[in-house]
Amino acid sequence: MTSPDIVFDYERGERIGLDEAVFCAGKGPAQISAILSLAAERGRGLLLTRLDADGLAQLPPDQARALDYCVMSRTAFFGPLRPVTSRGRVAIVAAGTSDAVVAREAERTLRHAGIEASLILDVGVAGLWRLLERIDEILRFPVVIAVAGMDAAIASVLGGLLRGTIICVPTSVGYGAAEAGRTALNAMLSSCAPGLLTCNIDSGYGAACAAIRILNSFPDAQQDPSRGS
Amino acid sequence: MTSPDIVFDYERGERIGLDEAVFCAGKGPAQISAILSLAAERGRGLLLTRLDADGLAQLPPDQARALDYCVMSRTAFFGPLRPVTSRGRVAIVAAGTSDAVVAREAERTLRHAGIEASLILDVGVAGLWRLLERIDEILRFPVVIAVAGMDAAIASVLGGLLRGTIICVPTSVGYGAAEAGRTALNAMLSSCAPGLLTCNIDSGYGAACAAIRILNSFPDAQQDPSRGS
Amino acid sequence: MTSPDIVFDYERGERIGLDEAVFCAGKGPAQISAILSLAAERGRGLLLTRLDADGLAQLPPDQARALDYCVMSRTAFFGPLRPVTSRGRVAIVAAGTSDAVVAREAERTLRHAGIEASLILDVGVAGLWRLLERIDEILRFPVVIAVAGMDAAIASVLGGLLRGTIICVPTSVGYGAAEAGRTALNAMLSSCAPGLLTCNIDSGYGAACAAIRILNSFPDAQQDPSRGS
Amino acid sequence: MTSPDIVFDYERGERIGLDEAVFCAGKGPAQISAILSLAAERGRGLLLTRLDADGLAQLPPDQARALDYCVMSRTAFFGPLRPVTSRGRVAIVAAGTSDAVVAREAERTLRHAGIEASLILDVGVAGLWRLLERIDEILRFPVVIAVAGMDAAIASVLGGLLRGTIICVPTSVGYGAAEAGRTALNAMLSSCAPGLLTCNIDSGYGAACAAIRILNSFPDAQQDPSRGS
Amino acid sequence: MTSPDIVFDYERGERIGLDEAVFCAGKGPAQISAILSLAAERGRGLLLTRLDADGLAQLPPDQARALDYCVMSRTAFFGPLRPVTSRGRVAIVAAGTSDAVVAREAERTLRHAGIEASLILDVGVAGLWRLLERIDEILRFPVVIAVAGMDAAIASVLGGLLRGTIICVPTSVGYGAAEAGRTALNAMLSSCAPGLLTCNIDSGYGAACAAIRILNSFPDAQQDPSRGS
Amino acid sequence: MTSPDIVFDYERGERIGLDEAVFCAGKGPAQISAILSLAAERGRGLLLTRLDADGLAQLPPDQARALDYCVMSRTAFFGPLRPVTSRGRVAIVAAGTSDAVVAREAERTLRHAGIEASLILDVGVAGLWRLLERIDEILRFPVVIAVAGMDAAIASVLGGLLRGTIICVPTSVGYGAAEAGRTALNAMLSSCAPGLLTCNIDSGYGAACAAIRILNSFPDAQQDPSRGS
Amino acid sequence: MTSPDIVFDYERGERIGLDEAVFCAGKGPAQISAILSLAAERGRGLLLTRLDADGLAQLPPDQARALDYCVMSRTAFFGPLRPVTSRGRVAIVAAGTSDAVVAREAERTLRHAGIEASLILDVGVAGLWRLLERIDEILRFPVVIAVAGMDAAIASVLGGLLRGTIICVPTSVGYGAAEAGRTALNAMLSSCAPGLLTCNIDSGYGAACAAIRILNSFPDAQQDPSRGS
Amino acid sequence: MTSPDIVFDYERGERIGLDEAVFCAGKGPAQISAILSLAAERGRGLLLTRLDADGLAQLPPDQARALDYCVMSRTAFFGPLRPVTSRGRVAIVAAGTSDAVVAREAERTLRHAGIEASLILDVGVAGLWRLLERIDEILRFPVVIAVAGMDAAIASVLGGLLRGTIICVPTSVGYGAAEAGRTALNAMLSSCAPGLLTCNIDSGYGAACAAIRILNSFPDAQQDPSRGS
């Protein structure tokens, strides 16, 4: 049964180049199941975000099985996956282990759109040399997504070293004065390194969409052959 | 006389493609004058931001005269201006009359870097048709800087209509619940339209630097011949 | 058994035209059951709000069965329902799927007072054309309740297009910079469109009460025959 | 000379029934003067808000003389004033002496739109009997604008006594825990009396626009003959 | 077994006239049990606050049985109860049903200290006449504790009508703009009625302690014979 | 000339025992002058608070001369002063030099009501022995007003040593994390010493009014003969 | 199996003298187990923090058994423990019973680094004499960690009495105006006693690391023979 | 003339090793002058902080001349200066030009106490190599004061590279999301590098006092001969 409340915005994909995703937090299994049924009926693929393991377990088994689920990022692909059409354009750099959840949400969102991103994890500023060892690798990407919580110092360090685009994602990692990501957000917004761009807290999805917009802005620059498969 | 406290980071231009600018708010005339002298000595050009009319009036007259000053954006160019090397790549869209100050700071910062941007003013959401009349024009730019205070609704409207990159600048326009730009900032960060990118409040300079980073990321896409001079 | 702590304000209905409702969040099943018994004793109808499915399940079965319960809005009608006495006066417009919960609480509260409202869902600004397609329909209602979370941009868009009364309800939908509805609230309060009116976060009940007050202010204008059943 | 940055939205008056007003705070005398010249050229009337005595003194003398200025509300009418077309529909109730500034801004905005409102001042809750003595008078108005700062308790008291529409305007009166109007705003939004509607802090203009919207929603109910001049 | 970490401050009773109470929120059953054993050993009575039904159920059955527990206020008396030594000095006035929890915590704390207070419930400002009907009764008490959440308007109304001492307790009742009691707290602190005194949010215990301090300040005025049992 | 907007609440003195005071911050010299004229006409005395030296200088010279002005507390008495009727009941204890401004506002407000208070200054916790040396003296007062900014630690220290009533006044002294008095306010509200009562930030006037209420609650205890004049 | 996402920073111990600890909050049992396996493989000891009893119970039994677990501080030592190399240098002073959790986290972190600290519990300011009785003992330690929530007044009292280093740790103990530790944090930062140093809320670990840094700064002063074992 | 309100705490110097300083912000010239007279009478030296140039100009000329004033740090020494007794123990590292004001306040406060500190300016993270070039120099100091505003990233970078004590001072430099130093404060408190210690915003004085406490804790380690003058 399909809920009469579900209204898809399928044209959005064509209009702005970003497929509608299903944000599952706060949605019950019945609602998610109805959305999947509707998408199946119309033969559309879907990206699901913030679907935790409990939510997955409550879906009808055949629908759950049909999902390509990633436990760490809490994302799922439904339906046939678009082939990779862009490589070597986006790196995702994460400061701490706990930031990896958000980093992988960005990676999966990009993959759903046909973009293969490179993940560079655990290069926080507290171990500066680990970051500096990989800086030449990072410098080769035109777009870098920097994921960090707490003080978010890695964003400023990258901002002082990189020429290219830096999309910052604050995370809600940390406690007390980390203020559920608000400190990282404000630190990124007021970075001493100029020209950083910032997304909402924990929004790996939003950062990926922003990267897609940037790549879409320069369609001829989509693929760097020297880094192709 | 040159203050021993001034340390320029001239290599930054080469390293990350963004010249150091002089943020004049909070600096006294003696400090600004010393910086200009030092730049003159070394034959460097400079961008000055947040230099209000009072601050200009307190500079030594010959230094003040040497500045190309814009009263609305409170910016000044010092030294020979770089030629325009990029056109038709960046539009700056501002919602209200009072947002124009920030929009012009972005425009001037881009111009200092050799990028000519197009200004599209007073197209706030309260008069939706004025915005829709110009939407085809806006759609032609790969990078759009959206400047808005208070509810910042124009950012979401653009986000639902544009395929390209959208850099949002919240402004401190408004009173009460506008919370000195914090409401606009939060609205842009939590926009219902995905993939928006946000800068610090009132930071026309920051938005311009971000646009420069994006253009630098795709050097071959720098110039659209159909919109050339 | 009737709790000695329960003091009904039955005259309120006569005095200000709004029946007392039972806000169930934070009340235990014993308390709610006692209130229902007391109302039954006195032959009064009641509106219950924020009664979630768990709370319903913990009520005595005969009391639970006597309720006309709506799972989405978490509201229940107890006792005989007032007939519809007003139609075509109030539209409820909701931006996103998750806002529908609050929109339906408003709809049910109005219905309890004898007012039939029209629901227009999923017309968020990110898909602007979906909203514009229905704008002529919306324009026909003297009172529009606009329900939206996150950036709440739909409130400003409606404010620029509608001549009539607009009651805004911010919702706590969203995460991070959405700040549990505070961003939507502030955006509605500082909208670039003048004359918007705002209720507490998630308060579909409050918005409905405000609409009832407005209709009560103009009793002769209660029913538009051209839109009657 | 007319600034090319000024873009009037004259059609707004027709579209949504609210003339564009000029918010003078943050605008320099040159900007305001240019706006007045443009309006004079096109033969349009204008409402100016937040024009303080200093701002008035800096305008060209002939323009300043042409204004109908009210020092308490800091508003000015420019051009011929619309005749009064509605009476006895709106009361403005203010709690404290300092709230009178905002109350008068509302009164003047209504008057500019042809609506004569009644002012009822200094009826704060700390002197409850003063309010109760006038409650029968207040009850006769379909729309009441309640202006109060600090605890804003008058809004809840009115909400428990009035059947009609109540538009609340929090003011920034008070210090410390009054938090520049934020406490009054929150108290109005979370009032124990249901169905109150709230505007931005200090926004007498916004409250008046909301009242105009409500009156426009019920055009046949515009004039109560029993309360006519 | 007695935990070596427990250090009682028994002399406090003598020193400042307030017995140490055990705040049970955040303490495990083992910790509470050890405190009770220690008190039993030393033959001391104790007041326990914020002990919810679950916490009670987890205590050793004999200790649980030994408690005089009140489910609504989540308080318990341990050991023999002091006789009532003061009557007719303190009234506790609560605005809404949900505030009764905090009101009863104050009542029980006073009772533990030998003071019998009068509870006057459900006299919120939204039903002003209910409050006014009882105002003469309230006026007879030298000390009034006013308990209210959300807008806390009752505190200001009482402040304008009462000559005596008013101790305000904001409660965390309400949602959204009620901000978990912060709005009520700020409204009480910035009341338009002068001379109100305020305690921490939900602190019925703190208000009772303050009332005890006031009564202790005037020992000769402790008992009003005209209101004795 | 008397402004028609001034409405005195003279009966308040009789009703609640607190004379209306004129809060001068935000009032212009014309407004204050009109209030003084009106009071003179009716032969009433007045307390003026927050009247700074500039405000005083702008009053008509004969009115300024008629005031008994205190530059430190920024208060003025107008008209004949009530005789002292109560002594030895209230001590005002201030932590730092900068808190003395607020302490003196409390002292003057009490004096206007005929109550002579004792000032004990500069006994902050950072010099604990200075406070302990005077603790026996402080212990003799039934009511102590504790004035402190920043960490407000003195309130808790007094709360652990005193049996009597403690009225806390947070001050806006300090910078950064002192948050304009919010930190002192919150520290007083959440003191580890039970039964403290708190007023608005910087409200020496409010604390004095609260002390008057407490003394009024126990009229027989008004005067301690052992400390009489 | 070892997760490829785990990247240890083992050199950190050598570089900055602080071993990497595993912050277990937010990590699942699989993640923690993998980290333990990896450490076992490489023969490294580890400190685990914020590992609650539930988390411990979900670990593989042999790994759980291998941990030296402290239920109160929620910390565990894994692998052979470093011998004690420093004594008599650090005291940990805690104000209330609930602060002991954080105090013990600091103690255990220091112990893991070979430093034996002295715990002095329950010496809050509300019982000032208990603190003063032990002040001579406290004065003998060059470094004192002061742990307190709510008003954090003990920090200022110590600051006025001690000559040595004071590291403050605010705790999230308390409710309402305690604001989850923010009030204690701000009070410590704006203490009237100069030279206090502050860590993040509840960060016993951070305070211990800071103490280690200070001891490492003065290696010759590491051990006070007069206080040796 | 000497104000009776001035109470010096001269013994504090002996008791806790920190001389009382005069915080001049908010004090008028008469107050400061009286303090200087009193100190002169008693033959005491004094440190004055936050004395801006205007404040200096308003002092009696002979007193002004007697001060050793530093315009950048707004500090003054009064009376004979203590000789330098410690060198090579404290470095002050500042991120941006605007942070130098606070850095110099720390330097002057240390100098007043006989400690000569080394200033290392303009080594912000946006120009990482400038910092890394000087890291070996910084590593030689047992105590480093890190001064930074906005994102405060330098604190975390230092925390990952240094073994010794790091005292962080957030500054109010920056705008918008820098939130007057609150963002820098929170970033320092929640740094990814463990063991950082933090002072109040802009408190160069507080950081210096903390450094003095640390040096006082280890008196034998006071002077490193290898770094002597």
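Just so it is clear, A, B, C, D, E, F, G and H label the chains in written order, and each chain counts residues from 1 on its own.
Note that a contact is a pair of C-beta atoms (placed from the backbone, for glycine too) under 8 Å apart; a residue touches a chain by one contact, two chains touch by 3 or more.
Quick caveat, the model's predicted, so the values are computed rather than measured.
Asker: So, comparing C-alpha centroids, which chain is the farthest one from chain A?
Answerer: Of all the other chains, the one whose centre lies farthest from chain A is F.
Asker: So what's the Cα centroid distance for chain C and chain E, whole Å?
Answerer: Chain centroid spacing, chain C to chain E, equals 36 Å.
Asker: In angstrom, rounded to a whole number, how far apart do the mean CA points of chain G and chain H lie?
Answerer: Roughly 27 Å separates the two chain centres.
Asker: Counting in whole Å, what is the centre-to-centre distance of chain D and chain G, each centre being its mean C-alpha position?
Answerer: Measuring from centre to centre gives 57 Å for this pair.
Asker: What are the residue numbers in chain E that touch two or more other chains?
Answerer: Expected reply: 12, 126-127, 159-161, 175-178, 185, 189-190, 193-194, 200-201.
Asker: Chain pairs in touch?
Answerer: A-B, A-C, A-G, A-H, B-C, B-D, B-H, C-D, C-E, D-E, D-F, E-F, E-G, F-G, F-H, G-H
Asker: For a test of understanding, state which residues of chain G touch chain E in their complex under the given definition.
Answerer: Interface residues on the chain G side: 97-98, 100, 121-122, 126-127, 130, 173, 175-178.
Asker: Note which residues of chain D are touching chain E in the complex, please.
Answerer: The contact residues of chain D facing chain E are 95-96, 124-128, 148, 150-153, 155-157, 159-161, 174-179, 182-194.
Asker: Please name which positions on chain E make contact with chain F in the complex.
Answerer: 12, 15-18, 21, 142-143, 159-167, 185, 189-190, 193-201, 205-206, 209-210, 212-214, 216-218, 220-221
Asker: What part of chain B is in contact with chain H in the complex they form?
Answerer: 5-7, 9, 11-12, 25-27, 170, 172, 181, 185, 200-203
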